[in-house]
Amino acid sequence: MKEQEAVVIAEGIRKSFGAVEVLKGIDLTAHAHDVISILGSSGSGKSTFLRCLNALEVPSAGRIHVHGEEVLFKDGRPADRKAVERLRQRLGMVFQQFNLWTHRSVIENVMEGPIHVLGKGKKEAREQAEHILNRVGLSERMDMYPSALSGGQQQRVAIARALAMEPDAILFDEPTSALDPELVGEVLKVMNELASEGRTMIIVTHEMAFARDVSTDVIFLHQGEIAERGAPEKMFSNPDTEVFANFISDFN
Amino acid sequence: MFDLFAYGDAGWGDELLAGLGITLQLALLALPLGLLLGFAFSTLSLANSGSLRLVARLYTTTMRGLPEILTLFVIYNGVGVLLNLVMKSIGADPVEFSPMLAGVIALGMVFGAFAAEVLRGAFQSLDPGQTEAAQAIGMTPMQIFTRVKVPQVWRFALPGLGNLWINLLKDTALVSVIALDDLMRMTKVAAGFTKLPFNFYLAACLIYWILCLISEAGLAKMERHANRGVRRAGS
Amino acid sequence: MNPIELLIQYWPNYLEGLWVTVQLAGVGAILAAFLAPMLAIVRLNGHPVFSIPVRIYVSFIRGTPMLAQLFLIYYGSGQFRPFLQEWGLWSFFREPYNCAMLTFVISSTAYQIEILRGGLMGVPAGEVEAAKAVGMSPVSLYRRVIFPHAYRIAWPALGNEVILLIKASALASVVTIFDLLGETRLIFSKTFDLSAYLWAALLYLALTAVLVWGWRRAEILLSPQFFKSGRT
């Protein structure tokens, strides 16, 4: 692998909760423009792994490298806390439950990071936020509070909030799982657009069609280990392992 | 009758007003101290360390279980005694411990203990996702505290803290017992001088009542503001 | 003098003071408990001519310091001495103990009205309708259905109110009553020993701890079936 092109490198990520080892040493490299889907049944550790990438879940051991920023984890602690904060600035995150700040309006949610983390001016941040919200189709709702929006709209605001940080890669943690079925489409559409723009994305999802049609790589986690990985066309048409074949049998 | 409360030499209006000034000063000084203590002890009560939690629990249980007037006496006499021991040991003349300071400290400590409980509940009812979203964009712990946790905690805690503020206003009357010239004590002076205690104590009660009613109205307004963006059940 | 010596010398005074505190708060709370239910009904369902005065009374008491209320009654009554003497009431108002007790009853009644109001509003409308449907008279409706339920809801808050009253009863010492704090102040003025306050603090804490424990016991004993079925 050519390290200089890689945007995110995770090496030997381990995570234990007490005596239970949920992640047993996972490697992942995302190059620029990669769209990596992480699949797996519940309990496979896929969400935990994604949350380890920006240290919301602190890995028990491993190394994470994002665009020149490297953090080592040992004994369940990062070697450098400030580096963790810088790493998080480089990675956007979209949560299953949106997690918009309820005490701030839509546009304030998007402006918060650029102003208070990146130190941008208010005017510049507002113009940028307006632009991004326009792109995700929410220019009419900028001054509303999140509680007045539908789940799909909230998730699009959350995506806008992540984009406003101009991240090197965006992590999606089951972004459509909390949505009513009829609202899933509007969120997937935005994600699709981001993918075709060439954004680097790492996505934990249950949307098989999305994983197959949009991603460049698929990783299948099983019991805390990578059971199978590869190009989606190949994996979905001709799985190597029985576990993955079983996993997609319901879908095909 | 109204001459009694006239302003100037003829009536007691100016004296009562001066007392009211002291009362408000006392409450407004004890409030920030109490909020500070409340935040400190609520943070301790949610700490990982068991001994820190015990310290917080001892403080809040004790201060909430003691009569406020007892706390006031302990602070006033206790700190006074200690202060004079120190003055004696350095060979200085004994000093009077200011009743104002004693009042601010005692009322602030009481407020802090109750506020710690209110704030603890509020911190516990925070959605962890709100903090995670802030972590995920790389905020520092301090930024997360001031920009996400405090505004949200504020909303949960405001009704409880509002009640405590009203209790604080009323508790200021206790300092009249340690000879601070607050509204209550000026009332006592006027009542004794004019031999019309009922009129003056009733007037004092009405003033406290009005203060509380104004506070309630103000708090209701603050709650509406803090709850902007919150969808109520059924709306 | 070390704290133990002080206690050995003065424990009878502490006990006497404690007993006065228990009397003031206990009798005050019980008398208020007789007055509050009726007034709570008036506050909630009464004709405005009656309910508005109750509202004003509750708001006034909750909006004024108890010390001011105590002074209003104790010192204020002196202003009407001839009138009170004429009616044979002066012997009552002359005694600080009576004035303190009266203050505590008036104050606690107001707080209990407010607590019971919350309890009454929490009684499910369906239960009331069911009782009406079987033809219960209004009196037995309140006695047998509404109040038992309202008191279950209000019980913990009423416990808090009794604790507040115990603490507030310390104000009695300001009008020369030798309750626990009154005795303590006397001991302190003799000894200038801060541990005088230490023992008072411990006794107050012990008193509230006993009350909290007893209140929870009573909650369980009074309504076992309610507790087994679990509270929501």
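General observations
Just so it is clear, A, B and C label the chains in written order, and each chain counts residues from 1 on its own.
Simple rule for what comes next: contacts are C-beta pairs under 8 Å (C-beta built on N, C-alpha and C of every residue); 3 or more make two chains touch, one makes a residue touch a chain.
Owing to the predicted nature of the structure, the values given are computational and were not obtained by experimental measurement.
Located most centrally within the structure is B, per distance between chain CA means and the overall CA mean. Distance from the centre of subunit B peaks at A, each centre being the average of the chain's Cα atoms. Note: centroid distance subunit B to subunit C, computed from Cα atoms, is 23 Å. Between the CA-based centres of subunit A and subunit C the separation comes to 58 Å, rounded to the whole angstrom. Subunit A and subunit B have CA centres that are 46 Å apart. Against subunit C, the residues of subunit B that register as touching in their complex are 61-62, 65-70, 73-74, 77-78, 81, 166, 170-174, 176-177, 184, 187-188, 191, 195-199, 201-202, 204-205, 208-209, 211-213. Residues 127, 129-130, 132-140, 143, 147-148, 151-152, 155, 228-231 of subunit B touch subunit A in their complex. Residues of subunit C touching subunit B in their complex: 59-60, 62-69, 71-72, 75-80, 163, 166-171, 173-174, 181, 184-185, 188, 192, 194, 197, 200-201, 204-205, 208-209. In the complex of the two chains, the subunit A residues touching subunit B come out as 54, 56, 85-89, 91-93, 95, 97-105, 112-113, 116-117, 145-148, 158, 161-162, 165.
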